[in-house]
């Protein structure tokens, strides 16, 4: 469903070309300073703005509709809404019957029996990440001494000629206490990956040494412990043992696929005529979605860790 | 926590060197044939038996304590218990104060204030995967026409000389319907990764092309659609678009770290003396945990998919 | 938290004197006809309008912000928002430090460390039931052949002279299938009572013969079965056996307390001076909240039953 | 489902005439003293023993299968199992096709398509309350300064001549902090009633003045506040305002129906012949289930409050 979290819980809604997108944040402690201005920096980071990102320009003004009073969180659910202003759906009518390769158009049509809002991907749109970022801003306020920093790894965006490219985003968290997460189904990795895969375009996640561990020996991989706090000499575990944070840096990476909308023709099927057709997704596209992902990844990381911190304080 | 699932829900418990381990399976439809013999094959696969796996030999007899009557599931919760018989905890007293590198010993001690059962990893032990496998056997019964097959990828286990090695396990699922999973927090990837990271030793997961997508162009990555069922020419998406199964093969891989217990000395800290010590984890070890992972990965995959299938039938 | 339901899930937010109140409805099947007009009747019933209800006159226009496209539910979360227009908070500043007897003012102040929105009860206000009613309208659409009817039982509202009075509201549901609910924690009674007690002012709930059963003999109470569908001669069970609907009428009643705001002075404490003071809650009050409860009770009943129906269809 | 709780979570399983019944308790803090002897008193209270209760004599020895090590909780899930020893299922074969009036026999048959374990009510049996009591014993350990006391209200059990009788059980909790519970769906009343209705035979619940409030005036019902801690002069609210505990005594009552099994013939239907038949449920019966309910009601109250206390400590 569209809800996540145990004590700090978010519920997301909205569509790319509808009235807007929003999020309800439940379980936020009372007394946090919250103002519209707090959101500006992260929202701006998400917008990107490089030549390689989409031309859709939304103001992204967070409308705080509940849960904040006199500039402070009240303890009641906080609802933040973002209006869609820059909507141009004309192109989508044209492609209504020709699901875009790589997009969720066809599965949405099938799962929701043709009633899905197909304009701009509808509820499946990357547009909804604006709401995740907003929730992340709140979550970061709960994580006082914790620093979360994500960035795109060494991507050189060459000339793409209308094509797109993927990327890998690494997230590093410092200042986390020992003990967050549970041994089995709510391991820190389980919760972080659960949330990370709710970001559109993520196709993989790895912690610490990650996939490289497959070729490593135990004598090389296992991190030697150098003090009783649990500091380790190396950090192949990425800051998690047995599903629990171990007090070292939390390190993980996600793989971001290349944008599916490109200015090149691709083959698909017309669901009316059942014939194969060539489709070019004209319009406003991201050449490299991965450029926008860091702030979104920070947001979902903050959402997960805020929940775990609140649980841990019991 | 130790519970997972919405309509098909499992709750795991137990310790490596306690009375045993078990699982409660709630939401299993009534009328499935269930007998002890059904579990033998998968339990045997988990045991391994190759020269590279541990010498601990448990009979692994599933004791079905509830929810089955006259050989059929009743619709009530099914509890399956495995007794621990071959327990030798002598070595663990020795290492009680010297947390093993790579293991959860130290975080368990810290999180649970020293009250954790430290013998053989206690609740954090790979021993608990026997309960996951049992639940997987039940889950597979719900997935009639669905085939799940996992295997270790091209691992050549050379001479390890007391050391251990990691591996990559790939899981392929055929026969899945279109439409399983939800757009945001309960995407198919979210749920599968959530469950996969509850398997001890997993450090990464990727779907379809996975991390390789980072270097791919959109024109290359996006899978062209070749018929109105949604069959795609390539399968870089790994069978999932927008968090929803698309009817193609579901393909994903997990990275398994090398076992932390090896017959080589490693440095750690004595929590009493606070001094650095060298520790050799004598005893019964897996040289390559990845050899045991395929059947466990199939099990958690079946658990997730059974839940999604039951949800989908609404 | 402010979320309820497994497959049909609602998340409520908002305050009495803030921007408005709203609800996110997740898990609504795609393809239902939904228009603003559908809400008018139930919203009007909630308003009351009798001489005994509050003078606050809100237009209660449902703003459907997501999840509906071309007049049909899309399968994505539906967010419905109601703006607060007729807000007059002047009186509340006066009583900010003098919690009203019978209200949640003091517990809200204590639980949320003084950061709660105290105006008109804030998030605790009966105003939020407008959002429950809206969700109920959607839920009723899922319950095709099921009829839910609640009404205030034989209340003669005499002259109250500024005082208020309680009431009992009975809810009867016909057309329910056999088999909804689970044996233990998710019994039909458990879920209905859980939801019913989220309606402000409810202090009791009973099913079938309810509290009268305490004085009954088994030979009198147990409903004789008269056909193999399970039709019973009497209905002391109220349509539920062992937590499961039995196909007979579902019958239950809730006790509604008298409104706490009355035009009579009552004693409370000034949290600043710590002295006892007499407080008269001037303003717009309901003399009999129970008059508004039937449509709200129908709404939460529909919400619970819609969830159970979707679960049952597996 | 058979799981309940957010941070302190129980999962129940078992049948009346199967191997036994049990419960998994997840989220129990580490370091609590737990021994078999701790359970004896409450288990004995549940057994009853008065002439008016059933003749089935189970030893009710709690078998702690996990989560306890060296006499202390470890923080891992605690599984407690009770074997069924005194099982005599001969009578049930006879009544297999004639569902007992007042029991769940017929709905179980219908919901689970005839695969339910019909012996002694199977999973629907009051036998499972032994597991609730065991979980309650653990929960009470978390509630240090909180006292929970439930008792049957003024029941004089006259000569019943093979018939049964209902009762009302009142529960009073002292020592609770202010602030437990949430404004909407997780109000203290919502959670307590949710859990209470999982006890077989409960047909109603009321808080404080309860149903009597229907005839009260607001000036009479609303509890005047006499100090800044929130102590009230009267306690018609039963210790809860706006879903949140207010620091006064928590007071509620449940209605317990008369046992459905009596030594008198009642009419039902033979599901094979579809004809009406007269059925006398010979065997071991409780004349007044309400005699056993107090300790079970205390248990579920403790389970709910332990969860709320752990949540509150964030």
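Letters A, B, C and D name the chains as they come in the text, with residue numbers starting at 1 for each one.
In the analysis below, a residue touches a chain if its C-beta (ideal position, glycine included) is under 8 Å from a C-beta of that chain, and two chains touch if they have at least 3 such contacts.
Everything quoted here is computed from the prediction, not taken from an experiment.
Enquirer: Measuring centre to centre with C-alpha atoms, which chain is farthest from subunit C?
Expert: B
Enquirer: Return the chain pair with more inter-chain C-beta contacts, choosing between A-D and C-D.
Expert: Between A-D and C-D, the larger count of C-beta pairs in contact belongs to C-D.
Enquirer: State, to the nearest whole Å, the distance from the C-alpha centre of subunit A to the C-alpha centre of subunit D.
Expert: 43
Enquirer: As a quick test, compute the distance in whole Å between the mean CA positions of subunit A and subunit C.
Expert: 35
Enquirer: Give, as an integer number of Å, the spacing between the C-alpha centres of subunit D and subunit C.
Expert: Their C-alpha centroids are separated by 25 Å.
Enquirer: What are the residues of subunit B that contact at least two other chains?
Expert: As it turns out, subunit B has residues touching two or more other chains at 1-3, 12, 76, 111, 123, 183.
Enquirer: Which residues of subunit B touch subunit A in their complex?
Expert: Result: residues 1-4, 12, 99, 101-104, 106-108, 110-111, 121, 123-124, 128, 160, 163-168, 178-179, 182-187, 189-191, 193-198, 200, 202-228, 230, 232-233, 236-238, 241-246, 255-262, 264, 266-269, 271, 274, 276, 290 of subunit B touch subunit A.
Enquirer: If we count contacts the way the header does, which residues on subunit B are in touch with subunit C in the complex?
Expert: Residue list for subunit B touching subunit C: 6-7, 29, 76, 183, 310-311, 313-314.
Enquirer: For a test of understanding, state which residues of subunit B touch subunit D in their complex under the given definition.
Expert: So the residues of subunit B touching subunit D come out as 1-3, 9, 11-15, 18-22, 24, 26-27, 30-31, 65-67, 69, 72-79, 81, 111-113, 115-117, 122-123.
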